[in-house]
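Structures for review follow.
Both complexes below contain chain A, partnered by chain B and then by chain C.
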Partner chain A sequence: MTTVEAARTRAPLGRLAAAEVRWVLRRPRTLVLLALLASVPVAVGVGIALTGGPGGGDGDGPGLVAAVAGNGLVLPIAALGLALTLLLPLTVATAAADALAGEAQHGTLRGLLLAPVGRGRLVVMKAVGVVAVTVLAVLVVAVAGVITGLVVVGGPDGTLITLSGTALGLWEAMGRVALVAAWTIVQLLAVGAVALAISAFTEHPLVVLAAVLGGLIVFGVLAAVPSLEWLQPLLLTSGWGAGTDALRDPLPLDDLASSTARALVYLVVGVALTVWRMRHRDG
Partner chain B sequence: MARRGWVGAGLGAALVGAVGVGLVVAPTGAAAAPPLPPVSPEDLVSSVIAADRPALAGEVEVDNALGLPAVPGVPQLANGTSTVRVWSGGEDRGRVAIPSAEGERTLVSDGTTRWSYDSRERSATRVPVGEGRGGPEGSDAQDPTTAATQAVATLRQSSTVAVDGTAEVAGRPAYQLVLTPLPTERTLLREVRVAVDAETRLPLQLTVLAQGSGEPALQVGFTEITYGPQDPALFAFTPPPGTTVEDAPARDGQRPDGARQGTTVGDGWDTVVIGQAPQEGQGQQPDGRQRPESAPDLSALGTPVTGPWGTGRVITTAVATVIVTDDGRIAAGAVPQQVLGEALAR
Partner chain C sequence: MTAAASTTEPATTSPADALAARVRGLRKTFGATVAVDDVDLDVPAGAVLGMLGPNGSGKTTLIRMLLGLTRPTAGTVELLGCTGADLPAALPDVGALVEGPGFHPFLSGRDNLLRCAAAEPRLDGDLRRPVDAVLERVGLADAARRRYRGYSLGMKQRLGLAAALLVPRRLVVLDEPTNGLDPAGTRDVRRVVAELREAGVTVLLSSHLLAEVEAVCTHVAVLQTGTLLVAGDLRALLDADAGGVVVSTPDVDDAILALRAAGAPAYRAEGGVAVPPGPLEAPGIVAALVGAGVAVWEVHRRRAHLEELFTRLTEEDA
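Here is the complex of A and B:
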């Protein structure tokens, strides 16, 4: 028995991962979602450039959008914040739903489970697909935001005016955008890990989508109930306002760090559940 | 073997997750009272007055349970917890950042000019620091010990002043100075506590407790504090491009309009201040920078009330009561409504 195992040739993980990523990115639904994500900053930027920003008043624009007018480098950060509420989690949940539940629905997961491939490797491979979609989705929003912000909205001499009234140079501003992008990726990976775990327990991809989006909405409702304030530190979404902190100067890292720690906990739990379930899954 | 290993890994990961949740969620435990040499209230107050304002950076948490009515345009007054970041460069230089969900209000003082920047309005207000300005320690030419003895003696006419043990505030050992109204005082307040840093003698925390509630009505204090020199760039402000800059007149410590100051009835904790309500067109106050939308409309607040003094509206909060009469008088104090009525009827 041991000699057989030793003689077994293993497909290199890199090749498996590349195959998975190629397969995920060829899916029309992924491409449609990425195009939708790219249109978020473009639409916001063009809208602000055409109207000159939300007109005066109390500055009651939604989220950071009011701060984008004449300050284009805020656009990628504002767009990431807008997309993080629903569109980015939807993209990640779609990828995670297709990864395991989708395969199970088509009956192709059975083949993967029967194949002489370690279950751990299978999970890693599927996770790589989800991570690829997550990173790509965030980069699409950030890059489209930076380009739209610089070209369409424009800014004072390529600087970013922080909420504290200081001006950051182009490279420092890019650093802030990169920080928010990285933070957003971690938050979405937490969503992806939980979605993958749900995906491992069901064979209906729609269940995964419904559970993730429904979960986000329920979290939002729970966060809005004052008597459930003690629940706030448990909710992943309660830290999602921290992206705005990147626009403050000096940069406060407290909320960014605590929301990242919370996301890592969700990530670990999600991955653990996925691995445990896939170890026991029969097909 | 491999299967068992994976199960172990899965269980281990779940355990890590649970511990992680615990670490993220668990509040930092209350620290035990640090042992400090005893000090008399007079000495404590005089050392606070004598202490230099140190350079520091910190976070101040405002825990507000005052029960103030919601006033549009002043979200900081609403019940709840808000965090403010402060930097001090010593002397008159400082920076305060009051974050909100979608913006920030920044106050910067470089020693000669004070700036107030509102990111939502994209407007900055410039106020030169007036000559006659100065806190209690600046205007009082007398030495701190005399000032402190006098202050404590004045307080003792209406309250019990004591140093009630020690506490740890923002990781610093601190003395707790406690003011309790004498039983004869008719006030809504039960106790006022000030935590003073044992080493730098900087007040670190103010707690106001009201009658009939165990929870503080107001707690303002550092949750994080680091002493030491700060980056001088923090205390300079250049209005960013696209900002509307307004100049506000210098404030020289006293209200320009003496008539607005009003009269006081009673003394000590049950002092009632009676003044005139701001008239239409008069709402633009010099300190209007705190309220961009001029004075809030008080007529919509409170509940109607009548008394021997006339009719009006009463606004009740945890620590204070305000009566706005229909003939334009305002009476306010940290007292029950009845005391206000008596003061108005006088």
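Here is the complex of A and C:
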């Protein structure tokens, strides 16, 4: 027989968060996306190792990927940059779409509200799940990138040659990778918060995916129109090139800081909208 | 496995405590559509209340408002003594199966229930024990580790029932619990409801199966187009609706002629001739029939059935 605590009207938050993380990590779609993410640095690394460089030519190749040749520790940073354009936002948006819209579609959101998981706690619990997927997704790319970089591509004695031409030791190079990973996580959490807010307004997970990925594409288009240059500071994606700065020496922090600040604004707006909506949503 | 809450309840019961749920002036509109219109309903503690009504009569909307899933347009809801913003405080003691079972297809029935158990405030420690016990109780132990995706409609319904019974409750709300169940499943639901009633748990169940409600319910509420037509003790309602006698006879036509001649509006009915309450009581009816030379096998008082009551109520107002 279980202990019945008559006084308690809420399940412990830790148990809810653990159940949520277990649930999200057991989803086949999460596992498929994580496997795809791991394959990004592996594919780039193997491709470069086999051909000796992107396209074989030197000079004008795709800057970051070109820099990977013979310089393995650039690989995780390049792979994070590549994955940030579509695959990482897709992973985070999928988790956020399932978190509220997907639960509503399956009728399981009702169960949580009736338990009752308080509406505020429900947002915390769902945010924990999205954060878990985000962190794990970025770590998968970074770790697969470091391993592939060191093992398959190799480098000048475990050092990293920066875009500025200087050499960084192994630990300093790892520090740069960690910095880009942390910066990428913050950018993705901004995407996740907005996706969660959209998820709170619908019971169709596909609407969330379409809105988030469509939104990112529209941002990209807007950024490409010269007469709309004044919009640039408002667009989340316009700071997404800043990850490359980690490969310069000395480290320029301006763009990393401004893009992080922008992401935090998106994050706060997304979370506030989610909380407001979930307070009023019918179960 | 009786309701643990009964030990924590105060010894003195005020009139408000005798009601498990109470709604007053409850109304819900969706745009121009009125889903529930000014409903007053009491659910006495310990009762098994069957909520009847045609599809779209507002049963589910009423239940959703009772559980705080939908905000009423107007009116008040009181659930186990909690009301207004305090309503969720009653929910740990309420088990509910509303609008069909909701579970994740990629998890097994057991893993789905473990996830529900994690959200239950009243559970503590090892969650597997109550989960396995309730799976046994609803007859799903053998299928517990299969994925929900492959469950039949009846198994899904049983799992929904299991989630509602995961914790000892004071009130259990079952919205169409026998949907998709075979006769054995229907019997199981009936058994579970009987067990709950014996344990002193209040049950609110909605159904379109009148025989089902008549078999298990002590109280009944009939809804139509959002309005409550009648509510109260089932036996009292049926007794009030009963009356007249039924005569078993092989000479139906002669019997009808004889009774009409005696001033009683008789008509052909199943098993013979029915005589509604009127100028003639049973002895007068028998005398008239015997006097006319009609053979009488049996005379008995007509018992009302829920089906007749329901048909009369819903068609009168249609």
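The rule is short, and it goes like this: the second predicted complex is superposed on the first by the 270 of 283 C-alpha atoms of A that agree within 3 Å, B and C clash if a C-alpha of one lies under 4 Å from a C-alpha of the other, contacts with A are read in each partner's own complex, and residues count from 1 in each chain.
Everything below uses one rule, namely that a contact is a pair of C-beta atoms (placed from the backbone, for glycine too) under 8 Å apart; a residue touches a chain by one contact, two chains touch by 3 or more.
Quick caveat: nothing in here was measured; it's all calculated off a predicted structure.
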First (chain B), second (chain C), both or neither touched by A:Ala257: neither
Partner touching more residues of chain A, whether chain B or chain C: B
Partner chain(s) touched by A:Ala178 [first = chain B, second = chain C, both, neither]: neither
Partner chain in contact with A:Ser164 - chain B first, chain C second, else both or neither: first
Which superposed partner A:Leu228 touches (first chain B, second chain C, both, neither): neither
Partner chain in contact with A:Val265 - chain B first, chain C second, else both or neither: first
Chain B versus chain C as contact partner of A:Arg110, first or second or both or neither: second
Partner chain in contact with A:Ala35 - chain B first, chain C second, else both or neither: neither
Touched partner set for A:Leu64, first chain B, second chain C, both or neither: first
Common ground on chain A, meaning residues reached by chain C in one complex and by chain B in the other: 118
Residues of chain B defined as touching chain A within the complex: 2-3, 6-7, 9-14, 16-18, 20-21, 23-25, 59, 73, 85, 97, 99, 101-104, 106, 115, 117, 119-122, 124, 234, 237-243
In the complex, chain C residues that touch chain A: 4-5, 8, 64, 67-71, 88-89, 91-92, 94, 96, 98-107, 114-116, 118-126, 129-130, 163, 167-168
For the chain A and chain C complex, residues of the former touching the latter: 2-6, 8-11, 15-16, 18-19, 23, 26-28, 106-118, 282-283
Chain B contact footprint on chain A (complex, rising order): 58-59, 61, 63-64, 66-67, 70-71, 118-120, 156-157, 161-167, 233-234, 241, 244-245, 248, 250, 252, 254, 258, 261-262, 264-266, 268-269, 271-273, 275-276, 279
